[in-house]
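Both complexes below contain chain A, partnered by chain B and then by chain C.
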Partner chain A sequence: MAERNVESVNKVREAVSQDLLGGRIDLLLGWEKGHYWWQSRPLFARSEADLEKLAWDSFCAVNLSRYLLEELKDHDKVGVLVKGCDARAFNRLLQDNMVRREQVILYGLPCPGMLDYNRLVEKAGGAPLEITEENGRVIIKVGSGEQEAQRDDLLLDKCKDCRYPDPAVYDQLLFSPQGEKEVTERFKTVEELEEMSAEERFGYWEKELSRCLRCYACRQACPFCSCRECFVEQENPRWQGRAYQPSENFMFHLVRAYHGTGRCIDCGECERSCPVDIPLQELNRKLIKDINELYGDYEAGLDPEQEPPLLTYRPDDPAAFSEK
Partner chain B sequence: MPRTGVFICHCGTNIAGTVDIDKTVEASRNFPGVVHADEYRYLCSEMGQDIITKAIKENDLDRVVVGTCSPRMHENTFRKAAAEAGLNPYLLEVANIREHCSWVHKDMEEATPKAIALLRAAAAKAALNEALEAPRLDVEKRALVIGGGIAGIQAALDIAEAGYEVDIVEKDPSIGGRMAQLEKTFPTLDCSACILTPKMVEAAQHPNINLLTYSEVDEVKGFVGQFDVKIRQKARYVDPVKCTGCGICWEKCPSKAPSEFEMGLSKRKSIYVPFAQAVPMVPVIDRDSCLYFRKGRCQICEKECPPQAIDYEQQDEIIERRYGAIVVATGFDQLDPTIYGEYGYGQHPDILTGLEFERIFNASGPTGGKVVKLSDGKPPKKVVFIQCIGSRDKARGMNYCSKICCMYTAKQAILLKEKVPDAKSYVFYIDVRTGGKGYEEFQRRAAEEHDVAYMRGQVGKIFPEDDHLVVRGIDSLTNRNIEIKADMVVLAAATVARGDAPELGRLVGINSDSYHFFNEAHPKLKPVETHTAGIFIAGACQAPKDIPETVSQASAAAVKAIGLLSKEKLQGEACTAEVIQSDCSGCLNCEAICPYTAITPVEIEERYKDGVLKRTVAEVNPALCQGCGSCAVTCRSGSINLKGFSNDQIMAEVDAICLQR
Partner chain C sequence: MKKVIAREKLPELWKSLAAKGPLFLPIQEGPVVLFQPWSEGAEANLDAVNTAVSAKDVFLPREETYLQYRCSGNQLELIPVENAEPVIAFGVHPCDLKAVEMLDKVYLDQEPSDELYRQRREKTTVVGLSCREPDPFCFCNEFGINPADAPGADVMAHLKNGLVLLEARTDKGKALLDQAGDLLQDGSDEKFEAAEVKTADFGLNLEGLPENLKERFEDPVWDELYKSCLGCGVCTYVCPTCYCFDVEDFGHEGEGQRFRCWDSCMYGHFTDMAGGHNPRAGRKERVRQRFMHKLQYYPETFNEIACVGCGRCLRSCPVNLDIVQAIKALGGETVEQR
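Right after this comes the complex of A and B.
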């Protein structure tokens, strides 16, 4: 099965086709089915025929907002389908001055969470042929029969601990919102890492980061990595050595993570894009946790009007170095 | 390749005692680009400077590195020496091998390679130095004084006397500050109002002084010589031009509120002047208690005012002015002792703070100058003074000594004896501190001639019993428990910074210590300067102080301001930031971070495919930029360079240290 619910796809298509065909937008960023039924990839729709391909199912994980960076150069007005994380990503771009609000129409999609193919395989004990979903349960069809599982157990990591599945910003909300989700394990791994001794932790990251190919897929997927020339590519000065050594890999990952301090919207796209499964979210979340502890609760991308903690000064900001 | 000369200073034995100078000179000769290296005992001396100047000429040097003390000390000296030889002064680089090396190490074996590494880094940086020009800037010949206590008044008078215009911004309806609240002053016991009022009047009448009372500073922009300040003059609801200060309005006003000036011990009217000698003698209406503002009925003051000065429609007014210099003199507060439950402050009317007791003595105070208990109106026969409430208390309060309490307690005990001859005073103290001319003698007099019992010890509990207060403590010299049945208790509550000091500091752009007292630029050599050029501090906003010290500091701040205002032109900052606009993504995080609002967005056009694309990028206004570098480190893509400290210069230094090339 490809489409979770024919009715809801139709509803999305109906909403956007008026605007696209009526000329209110020049381009719609949505999803279409990929090579396999368990893949949905970005759709760049300009016509009615394009819209026929629209998909809205349990595999639309790709964060579409980041495509605005390129598309707005060629289009005056773009429509984007936004889940919770895509909407926060949009706010990130807005706050970084990368887009103007009036250039974009946002169609909000409260998100049920996207499924992880690897988990389907694991649950089914083999390559699944198709799935059907019903009341929070997923029936996975395999060659030998059927397997049933809780939908929540099959979610992508990034969706498991997603606190804001409803879009924080939109022009039109296409389904009813579900409210803030209670997440309990968001910082669990970070806490475990914090428990380690410095040597243990260094060892852990040395091992994880040694796999990094420096393909920069993580950066390309990230809504905060909107720089025109990333530090890794600069020649003068050359911040980042080209060699694939642990120290150079560390350099890239520390700097990338720090560049997200108070800015990472916790969409998990970096980690999902990584071909060698480096747990980037653990780095990002460590900084999210630190920011919350030092400057009070701050969730990047929720409210573009709220001043980012690292770009503001408050007299009661912590100043460990000058404390009595 | 540059032609760099390296000069290493012994600084007597300060550097040479820990760093092997000969080895360092030898090593320097091998740095890339170095064509000359030399050393001297005191490079900052005239002889030392000559050595540099001569060497530049003789060896045709185009870069100079000096290995000396911190650039804060002598960078200017050496830049001048380089300029003397015709070199642009910014082509000289200082390697700090004293504070960063010889002073923090003991072992010559370790310190020498470190000094060499620091010099190698400086030479690598110098190779990339560029000639820079400092702009020359105008000076607005006017000063702003924030706070109209004795510090602010004195500073303003001195600046005005030197012939410059001064505005005093005072948040309260009258100038005068804490000194106006005091009865008599130690160590000479002259009446506070008698010596303060003439100064207040002089300030009000001085042709060069402009009083902005009931006003606050909303915004400070700009920099030394050209501070652009927004001042909010709060609505008084009284027209100061028409008002004659006759007092009919506050006499007739039917509504009352606790008096701030009397520390809440008595009431004032809703239209009021804070005290009888207020300057200016123009009342304000307190909106929160005024019947007309609260309920829309009353307007008695309006009806009664002979010159019809009342104006309920008055609005806050914003005044925008430019100043060349600013003196911050916002004074202090007393700690609220309710946080110390054992003293029972706030639970009983006869447990007072020192400042409240000042008001009890005062003829215009809540008791009309009769020293009586607020509970029953009878004179107190036994008064217990407790020192160091919140001061010198690392665990629960302030680490520091409030400095004035020992003296005003002795003063109050003497005054008590004068007013209530059969009264007996007890002082619980940790140490009695009386440094100052005539201070020790004054305190001795209290102890020996005015029946004041000084007891070294601490009070653990105060509670009411029958018609008195039981004070239980311990005498730490004899370790005996003490119990005194007192009529009144006076708490020497700690002198603390004003609650809004951090906010004001941020607004003005000066920093404070962890207790929110404003920081001087150097504790010994720059006591009234701040780290922000053109902003000076005076009085108790810097640290606890008595009046003589406050006044001296105010005059010192005034001299610094006058020196600045008397300059025709100021030298601006040469090391300003620069945006590499082709790399800038226009996120404007740098704009948000810049403390001097020197960064603004601009639109540029770029070729894109067959046409042009407009996009926003950041731009630095070099006249506003102070070279703090905040933007450079905020820019993720490294698209900002601070001239003189560019990204590649810093990286060259790091490489020179790490790669040991």
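Right after this comes the complex of A and C.
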């Protein structure tokens, strides 16, 4: 992996450094390595020295598009590295009128899927020392030797069922596209939940949500949660209290999920950010599935010209609520 | 007093201890391990190095009711709540227990002390648990913490070859082992030395850092460091040494309870003031507050840095902006390592 990795980082660096050093963009949003080889954190690059730190590897999970909300206040033109989900996140912001297209240059990175440290630990049966990747396989080095695994089995949850690893929007595509992926398990858990009786399902969510800290990290990480004032913090009326009560948990989670109906781009950043692993994607995907079934297939963030179903009105809209 | 019990007998021990009041243990809750009250059927996990959220949940619960109220007509009735039943916290690692000592300094050693905290703290019996193999995120060694021992524990526990060794160190601890009665066997012949444990070495040099930061409120470091922060508060919620809370009511139709619950300086509304002014208006001010509190304000008052190297912010920050990154950015790194 090491060599291929150096090669691809160089390619990315070459593409962006012309623009950054030539003044076409004022800031580049990318990734750099953290303390660990299995973490890549956001990089805010303004100089050649900054670009030296650039990383593009199997751990660049953090969605960078969301930083545009802040960075466009201070910069005229910002470059962003975008994977498939990051590009859909950009389209989300664009459709919500939170960013202007002409202020942003997108460098598209067809994404092989990001790896999950916890899965590496699980597969290796202990703390992994390093990994090498070749042809869809990962060799994990541990103290006692090596373990080999399929790359697909080590992906982050958010990448497992990702249908569009290629950026849907970009100014420049830096590598050859991966192609649309066939996903079979995207709605599997949702279907299982649908099979449950209402009581069972209520019990399931009551238990899952009972460990929610209500830190709202899921909201902070989300590209559709760009409201200047969230209902959670509104003082008057006061929608959301802070008590750790089932009613307050449900209040937050239902409203958050509903606000994403037809808008959630299925990037999984909410779930990845949650410190106690609440299965937020199950809620999001239930709504994606419902939208697909009621209004026909709709993939939020793919095409900014295509309005989210709930933001449009058609005389022949299905009136499912009154029928059921 | 030294006792032993076979690991497979632990559920019996849990049952006996939980009969007298809440028994908090690292419990496997779906994909994560959390300090929670044990109940029949719960899956305790003593092999997990660090729980996702720290053990402070036992001493300073995420939510603590302290008053009930009832209004009828123009009568307001206030009913104080007795909170502190005896609690056992079993399996607290040295870092988390050291952090509780730091909370003690805030809540007990200053006037006036915090009554809610005092009651809870006094009625809690702590069973410390030594760490056999640290997590890659653990760096408690940097703060002089020995993962093999938790000074301050009422009972110190070690896992060894299918056995749990228990050594009572205080009267509370002895009472706890007595309570377990015949379930425990004599352990006076067992060796109680846990092996030395080496945690991650980030090459930090903390000497003089708090003094050095005193004049660095306006340092340009802050203009960069905060940028990746999402303001999500995860770091403060999982951290064992963060101790800020908010007070709120939960009620309906004139009846309810007043409680305090964790709050976080990473949130905008944390410093919202009546009249609309917010002295920490943006993420930069908030990130600075969090790190300055740990590295300057707390040490200035209590003579130690308010971090125990538990590694939770390194593990859980969604964008990997953690205390080690902050310390390094602020120059708290051994020079050879640079």
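Everything that follows uses one rule, which is that the second predicted complex is superposed on the first by the 315 of 324 C-alpha atoms of A that agree within 3 Å, B and C clash if a C-alpha of one lies under 4 Å from a C-alpha of the other, contacts with A are read in each partner's own complex, and residues count from 1 in each chain.
Quick note on the criterion: a residue touches a chain if its C-beta (ideal position, glycine included) is under 8 Å from a C-beta of that chain, and two chains touch if they have at least 3 such contacts.
Please read these numbers as outputs of a predicted model, since none were measured by experiment.
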### Query
Can A:A221 be said to touch chain B (first), chain C (second), both, or neither?
second
### Query
Which partner does A:F44 reach: the first (chain B), the second (chain C), both, or neither?
second
### Query
Residues of chain A touched: more by chain B or chain C?
C
### Task
Considering only the touch criterion stated at the top, classify A:M98 as touching first (chain B), second (chain C), both, or neither.
first
### Query
Which partner does A:K73 contact after superposing on A: first (chain B), second (chain C), both, neither?
first
### In the complex with chain B, residue positions of chain A that touch it
73, 96-98, 226-231, 234, 236-239, 259, 307-308, 311-313, 315-316, 322-324
## Note on the structure
So, in the complex, the side of chain A touching chain C is made of residues 34-36, 39-42, 44, 62, 66-67, 70, 127, 208, 211, 213, 215-217, 220-221, 233, 241-245, 248, 269, 272-273, 275-277
### Query
Touching chain A in the complex: which residues of chain B?
399, 502-503, 505-506, 513-515, 582-589, 592-593, 601, 608, 613, 616, 634, 636-639, 647-648, 650-652
### For the chain C and chain A complex, residues of the former touching the latter
29-32, 34, 52-53, 62-63, 135-136, 202, 224, 227-228, 230-234, 237-238, 246, 248-250, 259, 261-262, 264, 268-269, 283, 314, 316, 318-322, 324-325
